[in-house]
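Inspection log for the structure reproduced underneath, given as structure tokens.
Order as written gives the chain letters A, B and C; numbering starts at 1 within each chain.
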Amino acid sequence: MAYLEGNNLVASYGVVPILHECSVEVEKGELAVIVGPNGAGKSTVMRVLLGMLDATSGSVKFDGKDISMLSTQERINHGMAFVPQTKNVFPSMTVEENLQMGGFIRKDDISKTIDEVYELFPILHEKRKQLAEQLSGGQRQQVAFGRAMMTRPSVMLLDEPTAGVSPIVMDEIFSNILDVRNAGMAVLMVEQNAQQALNIADKGYVLVSGRNEHTGTGKELINNPEVRKKFLGG
Amino acid sequence: MTSESIDIINAFALLTNFVILPALSYGSQLALGALAVTLVYSILRFSNFAQGDSMAFGTMLVILISSYMISRGWTITGVPTALLAIPMALIGMSIYLLTMDRLVYRHYRRIKAKSIVGISASIGVMFVTGGIVRFILGASAQRFGDGERFIFSVREFKAYTGLEQGIALKTSQFLTVTIALLLVSFLFYFLQKTKTGKAMRAYSDNKELALLSGIDPDKVVQITWLLVALFTTIAGTLYGLDKGFAPQQYHLLLLPIFASVIVGGIGSPIGAIAGAFLVAFSEIFLTYAYKKFLIYLLPLSMHPTSLVQLIGTEYKYAISFVILVIVLLIKPTGLFKGKVIVDE
Amino acid sequence: MNNLNTFWQANKAIACFTIMGLILLFVGLNQSWALALGIINLSLISAIMALGVNIQWGYAGLFNVGIMGFAALGGVSVVLIAQQPVTEAIDAGGMKMLFALILGAATITAGVLLNRRGVNKWLVSAIVVIGYLFTRYYFSEAADLIEKVDPAITGYLGGFGLPIAFSWIVGGIAAAGAAWWIGKITLGLRTDYLAIATLGISEIILYVIKNEDWLVRGLKNVYGLPRPVPYEVDMQKSEWLQNIVAWIHRSELQLLSQSDQIDKLGDYVRAASVVFVKLSYSGLILLILVAFILLSNLALNSPWGRKVRAIRDNEVAASAMGKNIKRQHLQIFVLGSAIVGVAGALLVTYDGIFIPTAYQPLRFTFLIWVMVILGGSGNNLGSVLGAFIIWFIWIQSGPMGLWVVEMLGNFIQEGNTSLEFIEDRVHYLRLVFMGTILLLIMRFSPGGILPEKNKEL
């Protein structure tokens, strides 16, 4: 049994079905990537896992417990964290305040966790008194990660973290993600840039029209000729 | 000194007494009202048209409670009883605003209605509130200040300085500026330094992410209304102590308050305060009759015969409007960068 | 299914109007025909106003909080167009006033033009300030001269002495002009800005008509405006009305003696003349209302109207059109306000008197809003129905409130001061009542009584 798993998830927006029996799982210290064409339901998987959208059938298990009935807030309390694709920082608050807000629900001292984030992303320590909106795209993404890490989550969900950034920043973000994974977290990420993402992934899922089309390690998928042809542009 | 020579000191005293002091206190009153509008806007995302009438409601509570206190003899010499009544009135106002939120606004928040729906709902609340106030206190003007009227009067000032032109400092002016300073400092401390205040800013900045961070939206909204109750009641009471209470007058305060908020940049607390003083000073500077002032400053041959008033007092509300229009034409984000100028 | 639905909708409208008609018939039979017709006429005028607001709100989501101001512009137009000019006042200060106004206009134009040319801002400001000071000097001098001319009766310039019907058009144009200016500034920005700006302009218009005595006599009111329909006194002399009245009451009159017959007939003729005049107004206003409804339905089904509906119903597609939306919203805002202006002119025409203090936001802005929301935003017929219902409740709730207080009085001892107090203030509860109606409809039935068909909410 994996650390976080979504089993046979079925979900729809209103009457439009999006997911048909789709399953994903991720272990601690592992980076799993979901790729696939537009409209395949990649982000929907994430929303269902987080409880922002209810599945019509299927279950979400976390650390061995069924959490399908819990609200988003409760799931976050249990150790899940989410970095949305856009609007993932508080723009008119300082870097430090962003981190403090990330640890809002914690009753204990959060300063140690803040220091840990600064250790992981030293540039944030340097800019801790600056407003998030004044940072570069890559730095802002680091604030977003840092904010999500403030609850000391054991699993981190990332929705297209490299959408709309330059290739250099993309590399920077991917290396940040590996840092987060190496810190022992389970990381599940939805990615548009399939080639690069699968390169660093421990595990990959190719989703098409809400179904698991291919599953395997990052390497296996990259080397799979069908996946190459259809999704990686040759 | 005679009035036939140029007399800068007396001219300045005159200006202080009739323009600067009144504008300072009026600006402070507007600032408190504008901060309440800013708070509602930042958290609930609509312009609260009920603000003026809410101020009347809060002031009504103060008037009722303080007249009861006076009738029981619960007063302190020299202090306006209205001030002593504020804590009680605050409780009533908080209950009123929270009830209105529960009955009216919460629904639209839940269904994520457009901000224009919030505006129309607030107009409904405005008329209900205005109706209740007029039913209970009537529509005519009244005064409710007791205690000392002046910190120092014109006569005392003249005797002390020997100037021909006196300056009076009204108790209401002194109280207004002092209390406004305290309240504004409190608000900024609260928003910048406390966890709850930061959570409010976070919610105002990015609602979705605030939810993901475990910030409880209902609690944020409740605290917002409590702050609005505080600012609204005190702004209304101070305005009333200064200029008397009349429901229609309070209703019309909406215009200068909105002008302040937009001039400063909608959603920006500092902007609201700056905007309020800009509006207040423009209103009083432009409607003041400068005849006497110029007589002090100009040689006899150039003394003006007319009032030298730039705009008639009856058009003082037009000034806020004109400022509003100029800002919308030149810099729609306001002096301090406001939240959004186009709907999201 | 769809057919059934439309069938029900159509009948629902008919049913509602029938019930409203029966209620008014009841008022006519039991209270008086003059009262019933009075309610009908003011409902019809309100309906025209509601129609204008409905076009803005229902078609484009534009929130107009300044209905009162636009209605007042219509009222001013009636005075300025239909009243006879006051020659003494014009001789006294007319030229000077004209000069002041031209000077003012020239100052503004110069300011705008110089600013556009990129002339130094301080220089432009200085020119505008100096121009303003001169304008103000000549203006107040002229106003004084005009207001001194027989202030108890005139003290103003009067109007152009043109047919009153002409003023309805001018009222519409005046309101449209103000709306164009406001819309030009605020549309394309946040929706609140339009609402706030309309509130502002409306208050300013009110201050102008209350304070500028030389223009419309300010608080002294303007009496004796000309009428588009005959006067009661003339009607009482007309033979055909006498004959009709005599015929209607023939059985009753036959039983009376000769002198009683004449007295009684006189009473009946007087009552009938009032009813006839009110009926003529009803016909006239109804004609204009129907014309507006037909025109707006025609417009809504034209290519232009299809675009309007497309923008309203599909925000996503709409936002892609960018600038077009702003232009279209401006058109709708101007059109709607023009209709409110016409209604404002009709109202003053019907009253025969111009009273600046009557322009209270409660009656003109708030009631109209409740009418639109109650009737069904976006639905023209709904606005008309809303106008009838709300105006009826408004008129009848005054006496009804007093009646309730009197009933209460039966249970409380005589001379109880709290009762007098309530009697004095009970009409303010109408505000609370109307506000509550608005909030309840918005909350529980946002479509109103006659919801607009095919509208995505």
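Simple rule for what comes next: contacts are C-beta pairs under 8 Å (C-beta built on N, C-alpha and C of every residue); 3 or more make two chains touch, one makes a residue touch a chain.
Since this is a predicted model, take the numbers as computed values, not measurements.
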* Common touching chains of subunit C and subunit B -> none
* Distance-to-centre winner among chains (Cα means, whole assembly as reference) -> B
* Asked: Looking at CA centres, what chain is most distant from subunit A?
  -> C
* Between subunit B and subunit C, centroid-to-centroid distance (C-alpha), Å -> 32
* Between subunit A and subunit B, centroid-to-centroid distance (C-alpha), Å -> 47
* Between subunit A and subunit C, tell me the centre distance in angstrom, where each centre is the average of that chain's C-alpha atoms. => 58
* Structure fact -> As the complex stands, subunit C meets subunit B at residues 61, 63, 65, 132-133, 136-137, 185-186, 188-193, 195-197, 199-201, 203-204, 207, 210-211, 362, 366, 369, 373, 424-426, 428-436, 438-439, 442-443
* **subunit A contact footprint on subunit B (complex, rising order)** => 195, 198-199, 201-202, 205-206, 208-215
* Asked: What residues of subunit B sit close enough to touch subunit C in their complex?
  -> 46-47, 49, 103-104, 107, 114-117, 119-121, 123-128, 130-132, 134-136, 138-139, 252, 254-255, 258-259, 262, 266, 306, 310, 312, 314-315, 317-318, 320-321, 324-325, 328-329, 332, 340-343
* Flag every residue of subunit A that touches subunit B in the complex, lowest number first. => 72-73, 76-77, 82, 84, 87-93, 97, 100-102, 104-105, 147, 151
